[in-house]
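Look for chain A in each of the two complexes below; its partner is chain B in the first and chain C in the second.
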Partner chain A sequence: MYETIGLWVAAILTLAVFSFLYKENPLYRFAEHVVVGSSLGYTIVITYQRVLYPRLVEPVFLHGESLVLIVPAMLGLLYVTRFFPRIAWLSRYPMAFLLGMGMGMAFPYDMQAYILRQIQATLIPLYTPGAPWYNTLGAVVIVLGTLAGLIYFFFSKPHKGPFFGFGSKVGIWIIMIGFGATFGFTVMGRISLLIGRVQFLLSDWLGLLH
Partner chain B sequence: MINWEKFLNIDRRWLYLLIAVVVIVPFFIRMGLPVVPSDEVRSIYNLVDSLGPDNAIFIGWDFDPGTEAENQPMGVAVLRHALDRHVPVFITAVSPLGQGLAEQGAASVFDTRIPGNFVYVPWAEWEPFRAAGYVGRDSLESAWKAAGNSLPEGARGWVFEGVDFALLGYLPYFGLVVLGMGTSIATQYPTDAYGNNLREMPMLRAHKNLREIDLAVTLAGSTACMYWVVYGTSRVGLPVAFGVTAVMATDYYPYIQSGQIVGMMGGLRGAAEYEVLEHEGGHTETTGKAYRGMDVQSLAHILIILFVILGNIAYFAGGFHKKTALKSGR
Partner chain C sequence: MRNTTERRFMLKHLELLLLMVLLPFGIAQAQEVGPQDATAPAVDSSNPSDSSAVSLDTALEVVPPVEIAPPGAVTVSDFPNDAGDHLLVSFEPSPDEALGILVYRIYRRTPGATDGTEEWAVVKTVAAGDHTEIVDGYDPDYLVTQGTQYEYRVAAVTADCREIPGEVTVAQVVGRGEWFHTEKLKVLIGCIIFISLIFYYFKRAQMCHELYLRPIPGIDAIDEAIGRATEMGKPILYVPGLSGIEDVATIASLTILNRVAKKVAEYQTPLRVPNRDPIVYTVAEESVKQAYMEAGRPDSYEANSVFFVTDSQFAYVAAVNGLMTREKPATNFYLGMFWAESLLLAETGSLSGAIQIAGTDAITQLPFFITTCDYTLIGEELYAASAYLGREPKQVGSVKGQDACKGIVMTLVTVGIILSLVDIFTGGATDPSKSLLLKLQGLVDVTSLE
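Coming up: the complex of A and B.
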């Protein structure tokens, strides 16, 4: 029973969102607001159930244990002062705490994952004896492509001459090929999302596909 | 004489209509275009396939409903494969909505109305067997069968909560959660999403932290997948595989080349490739939703390529490359 009602609600909201393709209309706006509202409501409930209740309400207020948790709870409550202009400055404290902690925590690991390991992966031999030709070609493209891309973004010298001129031209080609690949994947992704909804409508809702 | 300007200013709703036709019709006229698994998907499959009951994996349902069409089939495929190999699976979520989607994904694998699915045995249901000391998978299953339980027709096996499967669910600041799980999973998740004590679960006793985990597959529609690499791989050497949306795929290919991730499923096609491998490996009787969408995907791409070619012909044939802009645009 509830499953059927859920299916119908989901199908009607899907069609309401698709109606935007014809033109902007109140049905679409209604569906959009429902999505935002229900997502937020669901988020609040799950956050309370999974985080606030077991990690704050239950130990501190029901069992009287771990009273130290009141400190981060108070710090978190300071966010609410954003709504009161006279004391809004207090909300900077939890923000500062989070930024500081996030920065300190992320910096060493981010450096390693995003930068050092990526640089390391570019420092490869162009030719390895015994390796198939396409590996060599791949290595050449990686090394020269990275260098050419970096030359394109080097703005302290005019992009002229055999090194900076030619290098930046190769660089822009490499970047454009990258954009082209991303655009192709983007088209694939958007069509996939449409396929997902059409599958839902034809299969789950109308039962036309088996 | 063709009016190229009119052609380029065609009402875009006609294009939407054509796309709709191309996306709907192939569902009824199956062509069965081949889906050839790529190396980056095959490497994830091979790793999961090499694992068994003594290993464990994480599947991160790190996406929201906006990318469900792409990410959900990946999660279902990997979960189904792992359960068929009796590999214990921990499920986490970066967002509250991800937890709901994880529950939906798991429910689709445990729906015994559909042949080829698994029978889910909740934690509370096998409590008497636990009390009697049956916590090893084989001994538990034998005792469960001896107690008169039988598999429904078409079901592939039982999944015991706490032995084969645990839904840990959502926690905020997930980077910190992954970092903490490097030392102890139970300190981050004292209970699962249903309030069951995680420390009592046999799968947690055998795998206390991320160092004892063999793979984390993160399914993401955002950069959330990088939490596992930054705080899992970098810190404790956790092998990580990505299941990302097609839009993100090009951003993460360099991480395969650098060896930071084991493999990657990119978009619906990645999920379809995994389904094909699973089917070929005898883990499923049929391929799933993603594979079914591949005919449609191919035809839609042909249509879009056609649009791009026609648009370019009209642009150059009409001499618009010499003008600054079209007179009107929709």
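Coming up: the complex of A and C.
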């Protein structure tokens, strides 16, 4: 009984969202508000059940352990001061903490993963005796493509002349070819999502497909 | 004579009649016995008194199990470069490993548990002949606690499921954390070089050196896009990405938002900033409020211009798409981190007729923005956009410093090309020990950290 109701609600909401393809209409607006409201309510419950309760309420208030957790809890509570204009400035402390922590954690990680690791992946032999010709071609494209891409992202030099002018042109071509491949790959993934939704309507809801 | 013939005929028919009567009984009897040989005696293997069953069991017991020596000594040492939550456990394999040992089980317990309060826990199982050293502490169910002394025992498991336990060993060391991860020295050196360069160019920019920045069409179009919205009397939609505040793209986006909001305040154009992350929302609100104050128009600030929608990805998209079709903003900015929603947002914006400027460092989403938006800031252009808009010496200096860092990377790659060519002529391409390229690669090798 409940499953059938759920199935009908899901199917009607799917069609309501699809109706946006025609134009914005009250049915879409209804579905939009339902999904926004329910997702927010769901998030609040999940956050309490999976984060606040097991990580703060249970250890600190029920078992009296890990009292150090009160410090981040107080820091989090400072966000609530935004509701009180006179002390709203206190909410900047957790923001500053998060920004500083985010930057501090990201810098060494990015240095490792996006700079050193990428340099290492580019320092490859251009020619290996006995290897097929396309391996050499691939290695040359990787190395020269990386150099050209870096030239394109040089902001403090005008993109003119044989090095920066030609290099940046090659760089943007390499970047665009890469984007083209990514585009095709992702579109394939999106189409499979659409197929999944159509299958739900035709199979689960209408029972036309088995 | 005739009587004799008649008697024989009658006897023959009587035999046939008897056969026909007895045949069904015979068939029924055969079916009751089943497929077994009706002549063979039934054997009940569960009955110990049954002679056949006893002889089978005895036959199995006659072959005695092979005597296998247990595994040898266990050595426990502290795992380097960790927070004290890993131990390196090595053991000597059984000398009879070839006689049928399949795996070794490594057990662990805390010494206080010898009274039986804590059972041995299998922390790792390794195949025989594979390796005799493991790192204990990776299993989330059996975490190693810093400073706790454990007991270990290794048991060999044979093919017939016999377990031959070795001696119980009290760990020689306890887990101790290190202050510095020595293998991250290369990362530290890289960070110091890059930060030094950026600070150097900060200083140069502050000393009033005129630093050149090449034009970027997407950034130049921001003023034009704001002007268009003002002329049309329609709002500007600014989406600061869907990621959290810890994301570099979000921080870059919020810096640009400040610049955009300042212009918007000057032109008195309505601004809409929907947010997915509650913390980004608070920072965005602060940033816009600050921009209105800096522009000298704090009274023009609308409290509802920056708002939180929901943290659900596609619910957020549904709401922003609805906003685009209802309010029809003249200009849409999508700057920050985006995932699968990028095309949904940009396509709707394109259909609504807005001028669109996007920017992200998400490589997989950039193609969608490029196809649907008027201008797209690719990767690092997003980070540089703030410096372009503000032209503050510090930010311009930082862009210049980043270029210097890219120069170092380009130099390394170029040196790599030269060394690769040298290797071809000196034999390094075939002999890794002679390869100069591999030596250079070793200087930046960080794969051990992954």
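The working rule: the second predicted complex is superposed on the first by the 194 of 210 C-alpha atoms of A that agree within 3 Å, B and C clash if a C-alpha of one lies under 4 Å from a C-alpha of the other, contacts with A are read in each partner's own complex, and residues count from 1 in each chain.
Throughout what follows, contacts are C-beta pairs under 8 Å (C-beta built on N, C-alpha and C of every residue); 3 or more make two chains touch, one makes a residue touch a chain.
From a predicted model like this one, the values you see are computed outputs, not experimental measurements.
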Chain C versus chain B on the shared chain A, clash or fit after superposition: clash
Partner chain in contact with A:Thr81 - chain B first, chain C second, else both or neither: neither
Which superposed partner A:Thr136 touches (first chain B, second chain C, both, neither): neither
Chain B versus chain C as contact partner of A:Ser19, first or second or both or neither: neither
Partner chain(s) touched by A:Leu209 [first = chain B, second = chain C, both, neither]: first
Touching partner for A:Thr186 - first (chain B), second (chain C), both, neither: both
Chain B versus chain C as contact partner of A:Thr43, first or second or both or neither: both
Partner chain in contact with A:Val51 - chain B first, chain C second, else both or neither: first
Which superposed partner A:Leu194 touches (first chain B, second chain C, both, neither): first
Single chain C stretch clashing with chain B - from 6-14, 132-140 or 150-158: 132-140
Residues of chain A at both interfaces, chain B in one complex, chain C in the other: 39, 42-43, 105-106, 110, 112, 117-118, 120, 178, 182, 186
Complex interface listing, chain C residues touching chain A: 184, 186-188, 190-191, 194, 211-214, 216, 244-248, 251, 278-279, 282-283, 286, 309-312, 314-316, 318-319, 321-322, 325-326, 340, 343, 363-364, 366-368, 370-371, 378-381, 384, 399-400, 402-403, 405-406, 409-410, 412-414, 416-417, 420-421, 423-424, 429-430, 435, 437, 440-441, 444-447, 449
Chain A - residues contacting chain B, complex: 21-22, 39, 42-43, 45-47, 50-51, 54, 105-106, 109-110, 112-114, 117-118, 120-121, 142, 178, 181-182, 185-189, 191-199, 202, 208-209
Residues of chain A defined as touching chain C within the complex: 17, 20, 23-24, 28-29, 31-32, 35-36, 38-40, 42-43, 79, 82, 91-92, 94-95, 98-99, 101-103, 105-108, 110-112, 115-120, 122-129, 143, 146-147, 150-151, 153-159, 175-176, 178-180, 182-183, 186, 190
Touching residues on chain B, where the partner in the complex is chain A: 13, 16, 19, 23-24, 27-28, 64-70, 72, 95-97, 99-100, 169-172, 175-176, 179, 190-191, 193, 195, 226, 229-231, 233-235, 245-251, 254, 257-260, 266-269, 289, 292-293, 296-297, 300-301, 304
